[in-house]
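There are two complexes below, and they share subunit A, which is joined by subunit B in the first and by subunit C in the second.
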Partner chain A sequence: MSRSQDIARARGLGVGPRASVRERSRASRLLARLEPPTRGMGLGIAISLLPGIALFTAFFLVPLGVVVVTSLANWGPLGFAFDGLKNYRTLSHDAAFWAAMKNTALFAAAGVLLQVPVGVTLAIVLAQRIRGWRVLRVIYFLPNIVSIAALALVYLTVYNPRYGLLNQVLGAVGLPTSRDWLFDLHTALPAVAATWIFTAGIVMILTMAEIAGIPVEVYDAARVDGASPWQLTRHITLPLLRNIVGVCTILVLLATIGYFDGVYIMTGGGPANHTLTLAVYAFQQYSDSDWGYANTIGTVLIALGLVSIVLVRRAFRIGERDF
Partner chain B sequence: MLLRLPVRIARAAFLTFVGLACLGPVVWVVLSSFKTQAQVFGAGNLIPAPFSLSGYRSLFTEIPLVHYLLNTLLYAGGGTVGALSVGLLAAYPAARMRFPFRRSLTVLFTVALAIPITGLIVPEFVIMRDLRLFDSQFGLVLFYSAMWFPLTFVILRAQLTGLPPSIEEAAALDGASYFQLLRRVILPLARPGLATAGVLVFINIWNDFLFNLLLAPSTAHQNVQVSLTLFRGQFRTDITAILAGTTVMMVIPVLTFVVLQRQVIAGLTAGASR
Partner chain C sequence: MRSMTRVIAAFAVLAALGLMAAGCGSGSSSSSGGKKAEVVITCESCVVTAAKDDTFAQFYKQLTAAFNAKYKGRYHVKVTPFKPANDADAAQHYQREGATGTLPDLFTEQSNVIQSVARTGGLTDLAPYLSKDPAWKDSFVPNAFVSQTDAQGHIWGVPEQSDTIGIFYNKALFQKAGIAAFPTTWDELLTACTKLKASGVIPFAMDGDWVTQLMWSNLIGTQPGGAAFLQAGIAKGGLADNPTVVKATEYLKQMHTSGCVNKDAFTGDYNRAAAPFLAGQAAMVANGPWMAADIANAKLKLKDIGYVPSPGSGLIVVTGSAGWASGAKDAAHREAAVAFLKFLTSSSEMYRKALMTGSYWPIKEQLTAAQVKQLEPLSYNLIQQAKNVTYTYPNSKFATPEAFSSTWINDWPAYVQGGMSTASFLNALSDTLR
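Let's turn to the complex of A and B:
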């Protein structure tokens, strides 16, 4: 799933740990030479770091602590009382929670198995500088730059049973239907997924940049040996994209695991929890003033995010370079 | 590169399919926003004929849309300036100075990008409430600054680390203080990073839905995303106005991207491609 927030995350996840190994030696050399300017600037540095530390503490660190601790409590506007693992016990046989888990898992799987391959394929094709590739790059990226809220309104209109584009197109090709896609138990989930599954622009942009970074000499040798374009893609480009595909997989997983806006606006989680996600369920509990339970769901959501990042990093051996 | 015909056909079909799937609906909505209600219901006409602005007229008269646009601009502009300022202040020492816990602090700020933030709905609300910042426009600007600080930090740190080590030396020998160095030497050199990070952050705050809804819900404080989404709920029948509103929501980010494409793409890829 591609949305604005992840655009952002792309950057961080790509850099941090990956650059660290290479950077460390360069940075230490650099810092050795920076010693003189650093001297006597301790106070300036401390003041400079203060706003960042304050905001980070108030809006990331404390909330993380609060969400985990209060997931063990009965908490709402009226009061607070620890009650151990009660919320987690309730969660374990809460049908709505498991529906949300199932839908979130399906979204995540669809993102990894469809969106990532679509984005990588687009990148490989456009990286060959086919005619009009710049325009195509804008076209494929545009849905990623508009808000999920706007896209949700777009698709509410597209799926509208009376005047929607989808039923019009189906009618035009001889499959007339009056199906209400988002409110039909059988189609609601795929209909929601279809709103973001092809917006693979971020995967495409990141992969294109990675392809542009592959040294030309790598291909020259293979060409001299008579490799076909397909063989070049299959045996040279694809293996070298392992790292970036891993980064994209993390981005897509984070976005799908925390997916909120689209579901909240289009279906509110309905019909009968068929499109409910963890984030929407947590928001519902918050609205119902059951803050402790909302945070239990939130803790599960964050844990899923962190576990999947660790697993994907390991599976794709992110951080190791091939070229 | 020479490819066989079936391969080229398959490739064209793939490009067309994905293009239609991701942009077709958006184009259809933008076109439909220039139709009359009757044209929207009359199937089969893709291009509006005649061109009608009735949707836009009712949109601007039925809700104070300009007010919501200004709100969004305030949040996106203020949040971007806030995140860039805090980001630069933290990124400069992290990239070019030596101090205790430099590495752990850098890792912490970077890891913040990997938190699925929608899991933190309740704590963010409670903290804003306890800081007396709930449902305040200043509060929301501060919140967005915090939310996007890790991103600006990461982008700016990467850029500043790449600058040659000698640039501060002359100024430092002249006895310039830390903040003089930051303002006179680093700030001008950080411009590319500031532009890249700024564009990304601006678009992201412009597009935010959840945190405006959660933290500044009163009607006077809504941004375009929230106000037009709720507008749809209230005026289910006025379809052309909803279509016009959807188009208005998309205009600013799309224009920003088309004009500042290089900055956006640089911001996305600077880290991942190196």
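Let's turn to the complex of A and C:
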């Protein structure tokens, strides 16, 4: 069935084989108004899209192409020479790269398994309009307003083993106070992750907006059928959040895959690469004047991002309607 | 037709005016009317405006102004400032300029950066200019040009500084801990650490990078053969196979594991070492003479502070770790750049720099008693002690690439915590030297 027939049917104007001539004529007049006015406007649309396409090409596609192409080169301030897949071969047995890959994967997993559920849970709770929900919403969202760099500097002080707040609090309750949280091999990674893992403000806000869009009638109907608040959440709210949870998962994944600022400021990737991420490692290679190798790592980052988007879109069937 | 002629005439007049203007402002050494035009040289490390508390910038500002005043009509330094974010940024910036032929006529950088820029072919070899002026060449202390000279004998930079780096200690905190004098052996240092720790202060302030590596150099340099290793051997790598280096590294680790250093000694941030010392919470810190200005600004009294050679009777003496190089492209600009370098390394400017910044000269300075009296006493006295110590040696940090320090910052905490063996740690450092 054509789109015109769909629209016409929706309007109650039958255009099937049994429709009268009058009905058909009325339907076609209406459809003429409903069809998007594209005929004869192709040039205008193309011209209006041109600045956007040009800017997108200049500031995104070209740099992206440069990153991918130069990942195949030995490139630094002193020269440029293509050397095929040599950088990728080096990458395959580079211990620091694999440490960065592992840490990035752990950050991504922590983001998806902790940050998303925390954000969604907060949203569901606050959407109940509990007492003080507006204030709580602002409080939970505040860390998202502060820059990651500023937060990292604060956490540097909090974690400081000599005068940091954390050790002082531990000391007050009789626990050991000598741990150097950010430079201890056992605590460095969780200490860095803890600085952002619970800042689920974006997930919370997006999910709250989605919950607000769920028709009240659906809940009313379920209540009439005797559904409890938990059943409302379990069988109505959660299934209808599939799309937004998928979108939030993509956002969190992309943010964690490219995580840089916090690690760079707090540990620089140390101790012994225990907090090194791919983004920080790429920057380190750039700083060491190995631009080609840095872009090889950058290309891996791009590939990881694309694969993540495709997988999450499929897993969550993002874009498909539930009702 | 007439209007066309007018248009052509107007263009001709404009073109002539343009050419005249270009001739006036080019800064080339072409002559005009028999009088040589002023040669304008660009300088990326010179300064026009400087913060009041930035003593080095203040000196460069005065130096630039004084040079321009002295050589008015002949040479003029045009400041085209570049402030690198860090050493790596500086290296890339100048390497790029070298590769693209856009180096300034003058700039100052670390000697290893200058050597890497020299490989682009854009730097002026200063050896012929030094040979042409024996008085200038002989004014420098012996070995002043070692780190600026390549294997072929080209001299790519002129040093402006020679630093004698010792250990600052807080006499009051030593007294409180019942220690009469600064330790003269490494065993005595560990004993002093125990006493200082018992008295409730941080014995030795470290940062996991600069200060920690200064102590590493002291530990290597005060062993037989250590000075030679730091001078030339370190660049060859193989650190794990050198017993002197292994012993020094393990001693430094012991200082950490025995609680001789501050708890936050791993950050790689210099302030983690400087702050507790300046706040009177740490008893010792290794650093250059320029720290005297910070001590004077802190609550500490200079008379309560001692500045002494390392245990084991050694001092780090760094001459020419940084230098001034020239990317001038023609003879006139090279002459002007060399004139600036001679002015910078003149006795009067070097003395003025010492007064302003606390950093000392690489030249054979003969001072009067009145001049000595004006100098900051801590650092001047340390320089005098350099004549009596058993060992003098360079700082490892200046003989190694940037990657050496970043690997140190990364791996040092893991090594101290037992996550790496001494051999693994030293091999990781050696890898950066290839």
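Here is the rule we go by: the second predicted complex is superposed on the first by the 268 of 323 C-alpha atoms of A that agree within 3 Å, B and C clash if a C-alpha of one lies under 4 Å from a C-alpha of the other, contacts with A are read in each partner's own complex, and residues count from 1 in each chain.
Convention: contacts are C-beta pairs under 8 Å (C-beta built on N, C-alpha and C of every residue); 3 or more make two chains touch, one makes a residue touch a chain.
Quick caveat, the model's predicted, so the values are computed rather than measured.
Colleague: Based on the superposed arrangement, let me know which partner A:288 touches: subunit B (first), subunit C (second), both, or neither?
Modeller: Once the two structures are laid over each other on A, A:288 reaches subunit C alone.
Colleague: So which one touches more of the residues on subunit A, subunit B or subunit C?
Modeller: On the superposition, B touches more of the residues of subunit A.
Colleague: Is A:154 contacted by the first partner subunit B, the second partner subunit C, both or neither?
Modeller: first
Colleague: Between subunit B and subunit C, whom does A:198 touch in the aligned arrangement: first, second, both, or neither?
Modeller: So A:198 only meets subunit B here.
Colleague: Of the partners subunit B and subunit C, which touch A:187 in the superposed model: first, second, both, neither?
Modeller: Neither: A:187 stays clear of subunit B and subunit C.
Colleague: So, A:162: does it touch subunit B (first), subunit C (second), both, or neither?
Modeller: both
Colleague: For A:272, select first, second, both or neither according to whether it touches subunit B, subunit C, the two together, or no partner.
Modeller: Only subunit C; A:272 stays clear of subunit B.
Colleague: Given the touch rule stated above, what does A:74 touch, subunit B (first), subunit C (second), both, or neither?
Modeller: A:74 sits against neither subunit B nor subunit C.
Colleague: Quick check on my understanding: which residues of subunit A belong to both its subunit B contact set and its subunit C contact set?
Modeller: 156, 162
Colleague: Applying the document's contact rule, which stretches of subunit A touch subunit B when the two form their complex?
Modeller: 3-5, 7-19, 23, 27, 30-31, 33-38, 41-46, 48-49, 51-53, 55-56, 58-60, 62-64, 66-67, 70, 118, 121-122, 125, 128, 130, 136, 138-143, 145-158, 162-163, 165, 168, 171-172, 194, 198-202, 205-206, 209-210, 212-213, 229-230, 244, 247, 250, 254, 257-261, 264-265, 278-279, 282-283, 286, 291, 294-295, 297-299, 301-302, 304-306, 309
Colleague: Quick check on the complex: what are the subunit B residues that touch subunit A?
Modeller: 1-3, 7, 11, 14-15, 18-19, 21-26, 28-29, 32, 40-41, 43-44, 85-87, 89-90, 92-94, 96-99, 105, 107-127, 131, 142-143, 145-151, 153-155, 158, 161, 165-166, 168-169, 172-173, 177-179, 181-182, 200-201, 203-204, 206-210, 214, 225-226, 228-229, 232, 239, 242-243, 245-246, 249-250, 253-254, 256-258, 261, 264-265, 267-274
Colleague: Mind listing the subunit C positions that touch subunit A in their complex?
Modeller: 86, 88-89, 91-92, 95-96, 98-99, 116, 119-120, 208, 262-264, 266-268, 276, 402-403, 406, 409-414, 417, 419-420
Colleague: Hey, which residues of subunit A end up touching subunit C in the complex?
Modeller: It comes out as residues 76-79, 156, 160-162, 178, 180, 182-185, 268-274, 284, 287-289.
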